[in-house]
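In order of appearance the chains are A, B, C and D, and numbering begins at 1 in each one.
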Amino acid sequence: MTMLGDRQQLAYIAAQAADARVNVELETEGMTLNIGPQHPATHGTLRIIARLDGEQVVWAEPSAGYMHRGYEKLTEVRTFPQVTALVNRIDWLGSFANEVPFILAAEKLMGVEAPSRAQHIRTILFELSRIANVSLFLGDLGVQLGAITPVFFAFRDREYVLNLIEAATGGRFHPNFDRIGGLKDDLPAGFIDETRVVMKKLRTFCDQIEDLLFGNEIFQARTRGIGVIPKDVALSYGLSGANLRASGVDWDLRRDQDIPMAWNKTEFKVITHPDGDSFARCWVRLQEVRESTKIVDQLLDTIPAGPVMAKVPKIIKVPEGEAWVSTENPLGEMGYYVVSQGDQGPFRVKIRSASFNNISIVPWLLKGVYVPDIITILASLYFILGDIDR
Amino acid sequence: MAKPKVPGMFKGLGVTFATLLATAKNGADTVQYPHEKETPPIRARGVIALHEGNCTSCMLCVRSCPDWCIYIEGHKELAPPRRAGGAARKVNKLDRFDIDYALCMYCGICVEVCPFDALFWSPEYEYSETRIADLLHDKSKLGEWMQTVPEAPELEAGAEKKGKK
Amino acid sequence: MVSPLSSTTDTPTEAPRDTVREEALARVLEALGANVVDSLLKPNDDIWIRVTAESWRATGETLKSLGFTYFGFLSVIDWLPSPFGKGEDDPTAPPVERSTTIKQGYAGGETRFQVFARLVQPFTTLGINIKVDVDDAVMAVDSWSSVFAGANWHEREAHEMFGIGFNGHPDLRNMYLPSDFEGHPMRKDFPLLARIVKPWPGIVDVEPLPGDDSEEGEAS
Amino acid sequence: MNAVLLSADLPYWAISLLRVLGGLVAVLLPAGTVVYLFLFKMLSFMQSRLGPMEAGPYGSMQLFAEVGKWLQKEDIVPASAQPEARIFKMAPLIVLASTFLLVVVVPFGPDAWFTNFETGIFYALAVSSVSVLGILIAGWSSANKYSLLGGLRAAGQLVAYELPMVLAVIGVVIQAGTMNLQEIVVAQNAGSMFGWDGLGNPYVLTQFVAFLIFMISVQAELSQTPFDMPIAESELVSGYMTEYSGFRFLIFFIGEFATAGVFAMIASVLFLGGWGVPFSWFGWTTIDSIDNWMNVAGPLILFAKMMALVFFIMWIRFSSPRLREDQLQRFAWKVLIPISLVNIMLTAVLKVAF
């Protein structure tokens, strides 16, 4: 881990200030560049309106909403089991992880708790979806920066993880495997052995990406000192996940929170980085994939025997009340505030998705950067459109 | 990172070159799709198959479908009594069972709620159509998928056996 | 960091006490004084407080100074029961009468709309849910965007979805909808068209035998 | 080629026709091979996939299929580019023309050449910058902000890297004592290193720094990653090529890879001994004593050397991310140019000393 020295930071600020001075002297009419909604760098349909002065951004504003599906409204006309199928689609790359906080919130309201085998399997699948999600990020990062090879490695190795998720749940992208009180089914035979093999492959993948991308001097030149988010700014914007930890905030809901999942039975490191720049964010994610593979390995060793479903009535009516549960999802803190009025379906669900907060810092962050840095910063913030727009 | 300092660019070049050699030697990790196919896992949710004989048109699947994509119509019929001398039974006869795959989001709730084991998942996935209306599978087409339904997989060690469902 | 209560098998025998949250709530109540209308503490779960609309921004500032520096989210609840139900009514049948009595949630409330937000103390999971009633005549509360930068987008979303104003917000443009869109989609009396344009397939039932009046046919 | 053809005593029109054909072959054959071998196959293998496999055995006819596809597509001129439609349409042709002009001076064998300039390398470097005009025109006339940014970046980049390239070549010119490409080839193959002539004297050994600078500049001139911000498909959506479709995009595409081939040829002429093999192997001493079969073998040897160089260009392209525009400029002006100036000085000193 290399610290970005004060001198480097000062140099960066001084360079920006010098650019600004030059711009004042040679003032010309700016240009408005419309990045998106159809643009290769916005994985999805995010639109960025940037006011440029030459290649420098004077002002930029993301405009979301091209994929707003109104999930909060839709949950109000659905029953609790139906909502699980819906929230899968919020962060579609790590979809199993979306189900978990919602189910936990419903379980909290009902006062049931999943059996420990179910908690274990939930955690395994949760970490697998984190790996599937973030490994694609690592590949995609290359594409955003102009390296075309990493993304193919990412797709190759993510495929193994998706196969595992599909073998266990039946759905590659939308597992819909979590039920209130446990899981739909137990793991199929052979899952544990296969997972161990895949975890090894993914650690190799991480090494490859590290050699191919993170060690590359050009990559470092493009990302170090770019898009620095200080700690307090990150907190007040409500950033979460790797974006927050890359700003030096040592906070991981997997470790710091007491929820009925199996993380507290494993040993893992919470990765932080003091710099807060684009490189730090990417680097933290890479290390988190490694940690996740280790978590999965440990959980596979300790998986207890028993049922995967607690006793719950067939027709689920959730008692009146309000509950908030959030977990450390691949993109950051994802939480559901569920209000129930004793019906079969929720009365109101507030979905607190990570990307919505993570991307709201963009106008602050993009001031004064160059056009290519827009892409780097957006890539390193790592958002998923479904997670912004919901 | 106290390893001997190799410039990062050369490491990257090494990775790509190693992959080049590995691909030349062991073949690619990809599959030439229409010529060779990977079999999806047993649980894969490809298409829903209907065992018509088991269906009692109880409407549970229709009512629990979040997308409203299942349509059932049925009528009651008199069936011959089970035991000789008994009264004629009233049974539900299925007239129509359609699943609109253009709407279906493959959540599997219908398969799960079916109390009579009439719906099954099949891992078959090649049924795309050029016209969206053709994605509405009627009961004869859904019945054909029954041939592709696999046996449920063995469970992992430590699992509690439970009733087939 | 992980409390011993996390073990799943044994349930605590005595009534659960949550000293951490009790202390936090006491501090919050002391700092906010008369601004708090109501509060609720569920042991080992969460804290809810409801404050007066006038003190909304001051509440945010006070809580921030108390260490709740992490902004979770901000949103609105419309407590009116939906006049449309789940859209599963038979369009040919007479319209269903639905209750319109408002049933409030934790920490109570007097109005149809409540703005609620969640702040967290970093490095712990000690969070606090703050609610505020929105007067139906005013339909606005103060903005938090100057206190928590992250509230900016949440307030824009709430404004667009519920029609709640936020005084002092720099830029309450629509995020999702076209700027000339009329109505506020997340309000309960805004119909979800997808559930109305098409009748529910579950309305139809098995056609009974001709001349058979009994509703429940015995299957097998 | 000229000399060979002259000896066959053909009429003028036939010579012209053969020259045109030769030029087409010299440009299109390397381009096609480069695209198939490197862009389709090597890239795919490096990414653990097979690449095109359907058209022809191992997808070898894929390129023809692609060309056919592009030719069928509509030739679109965006509405906002209509006022300058002629310029817009002309731009890809200018880019390709510079490639054709470039190949003219490359010697393929002792007698196989299109022209034999005394100042060949000077001409080559001058002509290669014509493509900047085409790219600038393309970026400007597209009336698209992305294209404009791409075109401006390209212009800035190509101008910046023209200089280290020229300076790198000067080292070779000093050492060879000539600007004639044919004579540079002969000087390398007839030369000797410290009295040992088993390898001749390929300048890649003595002018290694210049070789590196030249190859880096070539990478930049070709807008290949890590210097591809004029194209930058993930930010500028292909930059100056954004608005081009069909046939005109194809010309840009051919231009890109043909130029890669031609630059690699020039690099192998300058640094790897071009078409020749060390003369001492066959006991040749001067250009006149070379056996005639070298006119057939020479192009093949040059082709092989070119492929080796393109391999490196493409390998780096597929393995690295791209720099930022200002970083690239800084690299050119602050690193490459000073180094190449030092290289020139050293070469000059050593030339005088030995």
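Quick note on the criterion: a residue touches a chain if its C-beta (ideal position, glycine included) is under 8 Å from a C-beta of that chain, and two chains touch if they have at least 3 such contacts.
A quick note: this is a predicted structure, and the numbers were derived from the prediction, not measured.
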Steps needed, at minimum, to get from chain C to chain D via touching chains?
2
Farthest from chain B in C-alpha centre terms, which chain would that be?
D
Any idea whether B-D or A-D has more C-beta pairs in contact?
A-D
Any idea which chain sits dead centre by C-alpha averages?
A
Could you put a whole-Å number on the gap between the CA centroids of chain B and chain D?
54
Chain centres from averaged Cα atoms put chain A and chain D apart, in whole Å, by 44
Centroid spacing, where centroids are CA-atom means, of chain A and chain C in whole angstrom
24
Whole-Å distance, C-alpha centre of chain A to that of chain B, is 28
Where in chain A do residues touch at least two different other chains?
78, 149, 153, 156, 212-213, 216, 218-219
Show the residues in chain B shared as contacts by 2 or more other chains, in ascending order.
9, 12, 15-16, 19, 29-30
Would you give the residues of chain C that are in contact with at least 2 other chains, written as numbers and ranges?
none
Give every touching pair of chains, nothing left out.
A-B, A-C, A-D, B-C, B-D
Which residues, counting only chain C, touch chain A once they are in their complex?
1-3, 5-6, 8-9, 44-46, 48, 69-73, 75, 77-78, 81-82, 85-87, 103, 105-106, 116, 118, 122-125, 127, 129, 148-150, 152-154, 161, 174-177, 185-186, 188, 192, 195
Tell me, which parts of chain D touch chain B in their complex?
42, 44-50, 53, 315-316, 318-320
Within their complex, state which residues of chain B touch chain A.
7-9, 11-12, 14-16, 19, 29-30, 40-45, 64, 66, 105-109, 112, 121, 153-160, 162
Across the complex, what residues on chain A touch chain D?
31, 33-34, 39-41, 55, 142-149, 152-153, 156, 212-213, 216, 218-219, 221-222, 370-375
Would you mind writing out the residues of chain D in touch with chain A in their complex?
43, 46-49, 145-146, 149, 225-226, 228-229, 232-237, 318-327
